[in-house]
Amino acid sequence: MTVPLPNQAERAAILGVHARGKTLAPDVDWDTVARATPGFSGADLANLVNEAAINAVRAGGPIIDAQDLDDARDRLLLGRRESTNALLPEERHSVAIHESGHALMAALCEHADPVAKVTILPSGPALGATEQLPEAERHLYSESYLTDLLTVRLGGRAAELVVFGEGSTGAADDLAGATQIAARMVREFGLSPALGPVGYGSGAPRYLGGESTEETLHRPYAEQTQRIVDEETARLARNAEKRAVALLSEHRKALDALAELLTTRETVDGSVVLDVLQQQQQRPDGHHPAAAGKPTPSP
Amino acid sequence: MTVPLPNQAERAAILGVHARGKTLAPDVDWDTVARATPGFSGADLANLVNEAAINAVRAGGPIIDAQDLDDARDRLLLGRRESTNALLPEERHSVAIHESGHALMAALCEHADPVAKVTILPSGPALGATEQLPEAERHLYSESYLTDLLTVRLGGRAAELVVFGEGSTGAADDLAGATQIAARMVREFGLSPALGPVGYGSGAPRYLGGESTEETLHRPYAEQTQRIVDEETARLARNAEKRAVALLSEHRKALDALAELLTTRETVDGSVVLDVLQQQQQRPDGHHPAAAGKPTPSP
Amino acid sequence: MTVPLPNQAERAAILGVHARGKTLAPDVDWDTVARATPGFSGADLANLVNEAAINAVRAGGPIIDAQDLDDARDRLLLGRRESTNALLPEERHSVAIHESGHALMAALCEHADPVAKVTILPSGPALGATEQLPEAERHLYSESYLTDLLTVRLGGRAAELVVFGEGSTGAADDLAGATQIAARMVREFGLSPALGPVGYGSGAPRYLGGESTEETLHRPYAEQTQRIVDEETARLARNAEKRAVALLSEHRKALDALAELLTTRETVDGSVVLDVLQQQQQRPDGHHPAAAGKPTPSP
Amino acid sequence: MTVPLPNQAERAAILGVHARGKTLAPDVDWDTVARATPGFSGADLANLVNEAAINAVRAGGPIIDAQDLDDARDRLLLGRRESTNALLPEERHSVAIHESGHALMAALCEHADPVAKVTILPSGPALGATEQLPEAERHLYSESYLTDLLTVRLGGRAAELVVFGEGSTGAADDLAGATQIAARMVREFGLSPALGPVGYGSGAPRYLGGESTEETLHRPYAEQTQRIVDEETARLARNAEKRAVALLSEHRKALDALAELLTTRETVDGSVVLDVLQQQQQRPDGHHPAAAGKPTPSP
Amino acid sequence: MTVPLPNQAERAAILGVHARGKTLAPDVDWDTVARATPGFSGADLANLVNEAAINAVRAGGPIIDAQDLDDARDRLLLGRRESTNALLPEERHSVAIHESGHALMAALCEHADPVAKVTILPSGPALGATEQLPEAERHLYSESYLTDLLTVRLGGRAAELVVFGEGSTGAADDLAGATQIAARMVREFGLSPALGPVGYGSGAPRYLGGESTEETLHRPYAEQTQRIVDEETARLARNAEKRAVALLSEHRKALDALAELLTTRETVDGSVVLDVLQQQQQRPDGHHPAAAGKPTPSP
Amino acid sequence: MTVPLPNQAERAAILGVHARGKTLAPDVDWDTVARATPGFSGADLANLVNEAAINAVRAGGPIIDAQDLDDARDRLLLGRRESTNALLPEERHSVAIHESGHALMAALCEHADPVAKVTILPSGPALGATEQLPEAERHLYSESYLTDLLTVRLGGRAAELVVFGEGSTGAADDLAGATQIAARMVREFGLSPALGPVGYGSGAPRYLGGESTEETLHRPYAEQTQRIVDEETARLARNAEKRAVALLSEHRKALDALAELLTTRETVDGSVVLDVLQQQQQRPDGHHPAAAGKPTPSP
């Protein structure tokens, strides 16, 4: 956290610097690009310009236009994804439901970072992805933020439970990640009443072979204390899953609609997620997104 | 999963490529071969053609015919098996019952991959084998699929229990394999209500000697949590065994008939398993395979 | 503890020695500087003079004045802090509340060392700091002193709980530090009735690779004994947090006032903390600082 | 199990091959020798002929007769045993009772391999030995077989308990061996209802220093699960001991008679064990060996 | 214990040997010095003479007198102590109370070795010291002796509890030492009825890297057995502390008087401790030291 | 056990061989020496003759007489012991009582090996010794023998309890040795009903660094099973101590008489122990040694 991320004005300036000596189309507006890249570091912005230049060359010329920059931003956000027919149709449906679960939780949880992109294109072992971008660099995370983080992380699996009535192996990484977050809430951040206001760092030995082996061979606490950590970790994860299942059941129509959109378009912007949510809630079934708490962010 | 398996059309094309420069008998039809080799990779298909060519040479000439390709496919599916009289007659019977148990479970469980071959010829330490082939490459496995996988895996032992009233050492590998599957369902895939929606990866240290030893000396969870993993693992295994015993008791005639067929022919195709099952169920005892749930696959 | 810290007279003399050959402004009075640097070692005092000389050169000349010395003292007390707009406004507020909690606990707990400086300027990963200076070097710490130490350490988190109703990741270091203090009270200093008058040193292996491995592989006591250590550690931490929450609720106005001051001035002296406390207590709401027990120290 | 043992006809042929170029006495009949060497491998049979040739040379000439072959077979079955007066008379009696216990259990348990030889001559640290030879090579072991194996293994100690009313250090190897068999029944072969149909291989780390240390530092299951393994192991051992004590109490006269024979002759054939058992049961006390279940094998 | 310590006559002779060639003042009497140095080894006595010679040279000449020898003995008994004003006045008081607690316990416990010197001068990290000298070398320690040893060791902390009502960090070394003594009483010397007449040596692995690793990785007993060791260790320590608190409460006046003397004189002889005790008991409050059991030793 | 010990006749012959070329006094009778050296190996007997020759040379000439041989035998039995006045009188008494306890238990327990020598002369760290010699080499140890072994081992401590009412540090080695014997009875020899007829070898890892690490990192059984081992070990030790205390209380006069003899003579033969026992029992208090069970051995 020692080197802060650039703010929007700084991003526009940095983009200008990296674009020096490159030919730009008239539709390129650095302020627009800067507004669409919250949380990008200086290095990210340099990469963005380089990728856009490569895109331009591939498209036949040296002139970078707005579309080149937009495509480059997507590539940086989601990684290199492959459009492939490797997945079975029911698997594509399953991935679409899973990613829609993540995306809707990010949109509905008050303290969650907004969704930037959702995709069902695979990248390496990952069958899909939902990318969130913070509105600004954070240095402190409140209990509310972490609770929402857990809910978003378990939103994919919750969607599978709501739609298919059973889980699958596709949620393994989400479960591992949510478990690590919840365990740190309990062990390092004092957020479990059962364990109390204590902190045990990572709860594991750090440096074997170093000068001091004081902490290398034992946990700094008892087995039974670790069991309390496990129980509290599971309790936080269960609560997050229960909340995600409840919210997704309530917004089932949005879930199905978003999954359908994803199956067709493969990749959608965060704004599309919000649109789907609003459309479903303006319908006569009477639910309004405001009731779920989170004001629509203006990206 | 990064390199997808070829589909049927692709397999036919790949076979054609590898057969270039080789003389083929008129009865060779790549589409037929491709239909019989679901789940084969490009390398598997190259091997298939090479093995068939060797078979042809052994049979006296350079012309590959349909039988050469069929034999080569069997060899690739089941490994090199030896026709031997090393086993005692009662051991042959026991192996035939055991493999029939696996094969019938694969045929009767709705989400199980279909049986390709069953054999009671030994190969190395394995006294017999039941090979299943997925209808297509999968990337996601549902809880239902994994539950059926367990049932098939414990089907051999269940058949021994049904027919002989006791187990034997022949099920050791099945038990170890089923235990690993069930343990991952509990620990990595969140499929145990008792443990909850948490994920602990392989539950074991990863990199000893690497930079970080954070996870090398402790399990990431408590002993008592491991005990819950063990209890849930055993519960899943018990349920699968109970289900297999019930299904095999219900289909006892098919079990005996298939075992008898295996004792005579030593190796049979998956279609034979389905035939045996249908014949037994068309008899006046009134059971129909459809009642057991699984529609006959069309291989 | 073998080399004692210099007392005030000695500090004045040491400062004089290190200032030999340097030009001093008429407003420099070594006794005043010595009074403001309790707990400084000889090396600290040498640093102080050097830093002041550098300050003077930067300000344009070789003459060190009282302000140069004052600035140098602040730098040594708090480290090099950066005035930065990296934090979000709500984060600055959160840090101000957190540090005010530490500072007020140090002011209100009878045996706590007095506050020297409080800042919300970040330094490396630390977002703020509250520095205390002992009135004299100590060689023995009573149970009362250690209990107050815990309360001050958990005062930042307690302030977050009082003001925001929830904790945050910002208290992680405080929790880890308080846990270590409380664990030593229990395990090494015999201050837990539940464990009794026993002492287990650091409770961890000391010398791996040395001549004797007697203590390297086992804790010198049982798992269940470690559990008692954990329970007693948590009990001490809970009591300290409860006390801090009660005191800060009682002095809520001083807490808000101090946090507001910090948000404006970024860094304040310990005397300002005492002023805020006195002002709030002279108001008609009737609370007096004397009631909280600690006589105002005269720095 | 990859190379099967030769059957009787094959053994006769193999013996003939290895005897080529050697002079045989007219009383040598390969079929008789083959019948007496079930379970011998090809290498064992080669050794047998070589040992017999050495015996012949020692006896003064190059002609191998039936006695040379018989002696060579004994040496291969029992190892090199020393006729020594090192043991005290009461120790010889104790060893004779112990070995008679093993031999009678092998004769009385239905699924046990038949006794080939019993001796009270010491060989290295072993004070006596009871050798069993399977009637044919086995590849599968049923629960019944393993239960009888345990009973034979604990038969020596059971005989000590029946005759002397107390155990001795002489059963240490039997106890260790029986414990390993019983533990594998529980942990690897799914033969304990309390643990269920799970399999944990050897339950211990395999490859330290290899690429993966996944299983090196933890058992793959919990302490409490190991306790269930221990309890079930002890239960199987207790049942086997109880059964052996009951059978030997019932056949106490045969036990004493066989021990007396052994004290005199030091080494006896398995057929002698069966003779002793039949003689004791034809007496007026009315017990018949058939009642104990095992049909007399025809070696 | 293989080389026994010299007795008084031998000590006088050894001193004479080491003093050969040195000039002695007429007031030097080797028998007097020998009587004051019980428990000194031959090497200790050689050091004593050397130190006295150095003292003499410092005092201006080569003649060693009785005072030089006395000072040298003190230095050897207590180490090099510094008269320093580093401690705060309340810390000096606390140390005086603490050391008086040790000294009085040594004087009042029947089997404790008599006090030689008490000091509140610090030496390295130790803020004070109470040195006891055995009246003769011991080779066997009875349960009574060990119980008194514990009481003396915890006497310093007990005095803090009696006078200040709370403990401090100053007792950490005493607690660690008492814990080690008590644990050996339980684990090695069979002095705990709860553990019984068993002995587990140091209860810890001995030789890592040696030929046998039999004991390196496991304690030779169960966790629950270690818990019994911990409980019994704590029970012995609690009893000793309770006894010390009771005795010091009874002799509170002597405690305060001795502490006051120590504050003034900084170092006192063991005889002074006995004097203080007798003076307080001859007063009208009616307690007599004989009632506390220990006859005044005649040093 | 592979090389048996020589019997009496063989010992006489071996002694003769080693004495060849040496001059013997007329009073040397090899049969007498052989009768007094049961359990000596060939190497022991060679040592005996060499030691006697050295004794003879020291006594002034090359002629070995009966006394030289007798002294040499004592040295070999008891090690090199020092007559020293290092021990305090009460320590000598304590050692005499302790060794008398061992010696009387060896004399009174039916299956114990007879006493050869008892001494209160120290040798290295051991303050005394009681040496037993088996009447013949044993290869099997019954439960009765091991139970008596435990009783003899704890007889020294039992004597301290009977005479002094408390234990001492002098029994530490006895406790450790008895604990190891009892633990093997439970863990290896199946002599604990609570653990059952199982055997776990030494219960500790064997070969670290070898090919297989199967047993290196885990005990082969559960913690709770080790706790049963500990409980049963303690139960056997408690029973042995209780029995020793009862027997020594009954023979208290013999205990005191033997201790007094030892204090005077320092070393006595086993026959003296039997004499003391008989003398005390012929007195009017009516106890007879036969009642305690053990027939007087004729050495």
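Going in written order, the chains are labelled A, B, C, D, E and F, and every chain counts its residues from 1.
Following the convention adopted for this analysis, a residue touches a chain if its C-beta (ideal position, glycine included) is under 8 Å from a C-beta of that chain, and two chains touch if they have at least 3 such contacts.
Since the model is a prediction, treat every value here as computed from it, not as a measurement.
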Practice problem: Please find the path from chain A to chain F through touching chains that uses the fewest steps, and give that number. | Solution: 3
Quiz item: Can you list every chain that touches chain E and also touches chain F?
Solution: none
Quiz item: Using C-alpha centroids, which chain lies at the maximum separation from chain A?
Solution: F
Quiz item: Per the centroid of Cα atoms for each chain, what is the distance between chain C and chain D, given in Å?
Solution: 76
Quiz item: In angstrom, rounded to a whole number, how far apart do the mean CA points of chain B and chain D lie?
Solution: 38
Exercise. Could you tell me the distance, in whole angstrom, between the mean C-alpha positions of chain B and chain F?
Key: 66
Quiz item: Counting only residues that touch at least 2 other chains, which ones in chain E make the list?
Solution: 216-217, 223-224
Exercise. Assign the assembly's chain-to-chain touch graph to one of these shapes: line, ring, star, complete, other.
Key: ring
Exercise. Record each chain of the ring in the order reached, setting off from chain A and passing chain B first.
Key: A, B, D, F, E, C
Self-check item: Contacting residues of chain F [partner chain D, same complex]
Solution: 1-2, 4-5, 136-144, 146, 188-191, 195-201, 213-218, 220-225
Quiz prompt | chain F contact footprint on chain D (complex, rising order) | solution = 84, 86-88, 91, 94-95, 122, 124-125, 127, 154, 157, 164, 166-179, 182-183, 202, 204-208, 216-217, 219, 223-224, 226-227, 229-230, 233-234, 237-238, 240-241
